[in-house]
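Each of the two complexes below includes chain A, the first together with chain B, the second together with chain C.
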Partner chain A sequence: MVSRLFKLLIPVFLTGMVLLNIIPLLLLIFLSLGSSWMWPHLFPGPISLSSWKYVINPAAGSLPALKTSLQIALTATLINLILAMPAAKSLAHYHFKGRKACELILLLPALIPPWAVITGIHKTFIYLNLTDTMSGVILAHLLPTLPYMVRALTISFASIDYSLEEQAYLLGGNKSQTFFYITLPQLLPGIAAGSILSVLISLSEYLTTLIIGGGQVLTLTLVMFPFVNGGNPSIGAAYSLLFALMALITLFSLDTFINRYYSENKLY
Partner chain B sequence: MASITIKNLYKYFPPSFALQIDELMIKEGEFFGIIGPSGCGKTTLLRLITGLTAPDRGEIWLNGREITKTPPEKRNIGLIFQEPRLFPHFTVEENVGFGLKMKKSRRRDIKAKIDEALEMVGLTGFNRRYPSALSGGQKQRVALARALVLEPKALLMDEPFSALDPELRVEMRFLIKKLQQEKKITIIFITHDREEAFTLFERMAVMQEGKILQTGTPLHIYNQPQNIKVANFLGINNILPGYIEGNYFYTQGFRILLGAANQNQTAKYLLLKPESLKIVNGEEDARPFLTGTIEEITFQTGFYHIKVKVQSQSLNIIQKYQPGKNFTPGAEVKILYHPEEIILL
Partner chain C sequence: MFKKILALFLTLGLLTAPLAGCRQTASLSPDKELLQADFSQIQKEARGQTVAIYMWGGDESVNRYMDEWVAPRVEKELGIKLKRVPINDAREMINKLLTEKEAGKTKGSIDIMWINGENFKLAKDNDLLWGPFVDKLPNYNRYIDGEDYQIKYDFGEDTEGLEAPWGKAQFVFIYDSNKIASPPDTVEALKAWIKDNPGRFTYPAPPDFTGSAFIRQILAGVSSNYDRYLTASLDRESLETEITPLWDYLNQIKPYLWQKGITYPENIAKLNELYAQGEVYMTMSYNPNYADNMIKQGRFPATTRTFVLKNGSLANTHYLAIPFNAPHKAGAMAVIDYLLSFEAQLAKFDPANWGDGLAISLAKLSPEEKEKLKQIKPGKAALSPEELEKYKLPELSGAYVDIIEEGWFNHVAKN
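Take a look at the complex of A and B:
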């Protein structure tokens, strides 16, 4: 009886979720089209493309900001991958003393609010001449993203079937061949999950970029913030949609790239 | 010239397992078996020979070269496990060609060799299938082809057919025997199945608790087991304790007449093979006999397995099924034995 009730509720629940996600998007679209839709009007007001014109206008600097955003997100993700790989492997396979503590410490940046540490980092970066530079921002973005990469890869490494590696050695595969042909394909789902999280978090990072970049490194998030924050909601909405589009295309390309790699990692 | 030689090999696994093999030689082209109960170290021995496990001390030689420290990928020794361990993301032909690809063989040679290997194991045309679309037996054939395609110096097999159903197991035994005879491959084959041992092995070693108890042809070991553990493992399960006096071996409650070859020994045990005993109901026979009562009868594919109580001891007897000849529990019977087929230890 209860389970039948559940079965009935699931579509209702799903529809609700979808609506909850779509309604704000629809509102954003209306908003970006400059029309107001206020009580007691039954339909939204006339459409205007002025906000979009503003966003697309080269003077607004949207395109360079978009490029900067992607550059930072992708570079940070690549560095994350390189850093997280050995850490995740150790966490998954070596049962050393203090492993749990290590795992927790590696997760800390995701648990502690960024503004609690960012001023300290800012000071250090001033000494290192890293403030107001893209490199500095990339380094700072590792902080909130690395924990997710480590987490995703640790789970991946833990689920690897090592008997297959043994098998590859027995068939004459050396260490790097075995990693490339046997281990890596098993890690790919984790790599994909970690990268996607890392990219998305980096793209939406605001505070770190603002403080370390000193307003010199302009990402899309930085550019749109004043508008969203009350300046001009209509332009803010257009930027938000642009941001969503960028994130979507990045995700899609990342996914295709990994799938393509997977299917091209064939022997012949 | 022995193909594989092991000297003073030692490996310890905490807390309590130690593998210790003083000497073992396997000839080139030989079908060599290792038989022993679960947990006696058979798998460990194969892993040591392939290099997947490093020994604490000792030496392993392959064709006159010491390979104790050679990494597994440089030994070219094939190993087939009980599970096929196929790479799930590769097709059958990619699996089979993996080793050749790693050696950077020419593409055209690879293709030809893959097809040849698949034909050997009876899987022609399966090239593009993924492992998930194969049956258990087919997977194990692919694993076999994948090992054979590299023309390994030796092929080690760790209970390779024990996960298959009985008919398939017999078929696979037949296949491996045929391949071994055609290709003169050196094979070390592990099993805990006596029947498999007797059908396959030219020579074998009986292992227990990390040690080799005896080596020889299966028949030789069966007829002259060195101790009661070996005998018991090979299915000689009538082990009577006692002593020899004159022409007889005395055990609890009865005595057994010895043959000419068996006298004057200081044996403590007398062994009777279950199939060397014959139950008669009344018909005359000149052979010596014991008398007892049938306790239990089970029927297994053409044979009766019968337990007969003689005084305080139970004897296991295997009798061929004959129409018209029946055994009933509780019946008093004569058990004939051959004095010349007795084993004294």
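Take a look at the complex of A and C:
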């Protein structure tokens, strides 16, 4: 009885989930087309392309901003990957005194609100000549993103079957061969998950980009925020959709790239 | 091996960072000379510079005027590349400059910033501005009436030549002529209208810029001696007691507001949305051409019109300033001078571009220039410049703005 009821509820639940995800997106699309779809009207109002024309127009600088956003997010993610790999391995593999404390310290940046530390970072970066530069922004983006990468990789490392590594050594494989052919492929799901989080967080970062970049490093988030926040909601919606599209394409290519790279090279 | 290389890099990096810092300070001595130099010399030095102008980036017409009208002309005529940096709130620039000042950063990134009111006061009080520079600009001397109260004083604060006026804004109410035959014309009539039409009026909650201005607009209407508030002489408590008529007025209309005054729209965009949907019959703006722009964008009904209260309509001036650590001060001066030229002001005044009020004085224009100005007609939803001029009132002291906003929470919102 209960299980039948449950089976009946599943489609209802799924439709609800889909609607919850699709309705806001639809509203964004209508809003970006300058149209409103309000009670008591059955159909949305007339549409206009003026917001999209503004966003696409070269003078608005959306394309360079998009490029800057991606450059920062992808570079930060790559650095995260390199930094997080040894930390995650140690956390998952070795049992040493203070391991829990180390884990907590590595997670802290994600728990502390950014505006609490940003002024200090800003000052330090001024002394180091890193403000108003893209490298400064990338470095600052490591702070909120690195913890997620460490977390994702730690879980991946923990689930690795180390006997395979030992086997590789026994068969005469050296350290780097073992890492690239045995360990790395097993880490793929963790790498994918960590990269996706890192890219997404970096793309949507506003405060650190604004303060460390000082307006000289213009990402899409910086350009769109004044519109979303009380400016022109229609242009804000168009920017939001552009942002969502950019994030989606990046995530999709990242995922395909990682998977294809290893299946093509037949490393499994 | 790898560790050694890493250590080497880190050491080198740490050693060179302060060196780079020293190099920056060396090129900053001629700043004072710039204020003594001839303007043609300044323009010569400005050629080839890239000038970064930091300004609120949430309005399509403003951005378009800068990107499509100003930038190409400045590049062609002055040889300066103009870079517009969109920001969300002018306070962000002030915070950036405060930290830079504290850290001793003498070469910043902002060349020009668009500010007024409390942000100007903050910048001035903390010595964040470079100058005084306005009397160096030929177009300032030619077109601006520097003694005009509305230009010399920015929300009651003496500008002291540290910022150049760029344009003017005035507070207007916007209504749908399809739903309201004749709009109220005094503060008292507005109250009566709100009571007769429950749920059809509201205002954005402060600290929203427009909502805060609405409250000051009502204050101007209910107080018998408004001029008293132009300079800050009262402390918080005496001011809050003295403006009791304002709290009374706002509390009396509260039960008749949208949602019975239990909640207020959090910003002007929300109120405009309510108006566009026809839920409320009035909205408001600090831009007299706003209704017209919105009709053109198809977001407000075509029957939308504008009105002002005969008790007076608040007006303020917005300005351009150069920060103490602007890297291209000559370029900044040349660009600001260009923005004060008749052509740039005229194009900015044209509702087809931006529709912002003129900073230049009508009395200083030549007959031909006056003729050109007459060619530009306000949109059908906007009021004529004469009508706006008739009821114009200066803004009260910037020091009072925060007090009134906080007072509103205690005396009105919490009730």
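Criterion: the second predicted complex is superposed on the first by the 264 of 268 C-alpha atoms of A that agree within 3 Å, B and C clash if a C-alpha of one lies under 4 Å from a C-alpha of the other, contacts with A are read in each partner's own complex, and residues count from 1 in each chain.
To be clear about the criterion, a contact is a pair of C-beta atoms (placed from the backbone, for glycine too) under 8 Å apart; a residue touches a chain by one contact, two chains touch by 3 or more.
Bear in mind the structure is a predicted one, so any value in this text is a computation, not a measurement.
After alignment on the shared chain A, the placement of chain B and chain C results in a side-by-side fit free of clashes. Of the two partner chains, chain B is the only one that A:Y169 touches; chain C does not reach it.
Of the two partner chains placed around the shared chain by superposition, neither chain B nor chain C is touched by A:F179.
Set against each other, chain B and chain C differ in how many residues of chain A they touch, and the higher count belongs to C. After overlaying the two complexes on the shared chain, residue contacts for A:V223 are found with chain C alone; chain B is out of touch.
Touch criterion not met for A:Y261: it reaches neither chain B nor chain C.
In the composite built from the two structures, the nearest CA pair linking chain B and chain C is 22 Å apart. Once the two complexes are overlaid on chain A, none of the chain A residues touched by chain B in the first is touched by chain C in the second.
Listed in rising order, the residues of chain B touching chain A in the complex are 50, 52, 71-74, 76-79, 81, 83, 85, 87, 89-90, 94, 97-99, 101-103, 107, 110, 146-147, 150.
Those residues of chain C that touch chain A in the shared complex are 17-18, 20-21, 52, 54, 56-60, 63-64, 67-68, 71, 85-88, 92, 95-96, 99-100, 102-103, 105, 108-110, 208, 267-269, 273, 276-277, 297-299. Interface residues of chain A facing chain C in the complex, by the touch rule stated above, are 34, 36, 38, 46, 48, 50, 54, 59-61, 119, 122-123, 126-129, 131-132, 210-211, 214-216, 218, 222-223, 225-227, 229-235. Contacts from chain A toward chain B in the complex involve residues 163-164, 166-174, 177, 181-182, 185, 262, 266-268.
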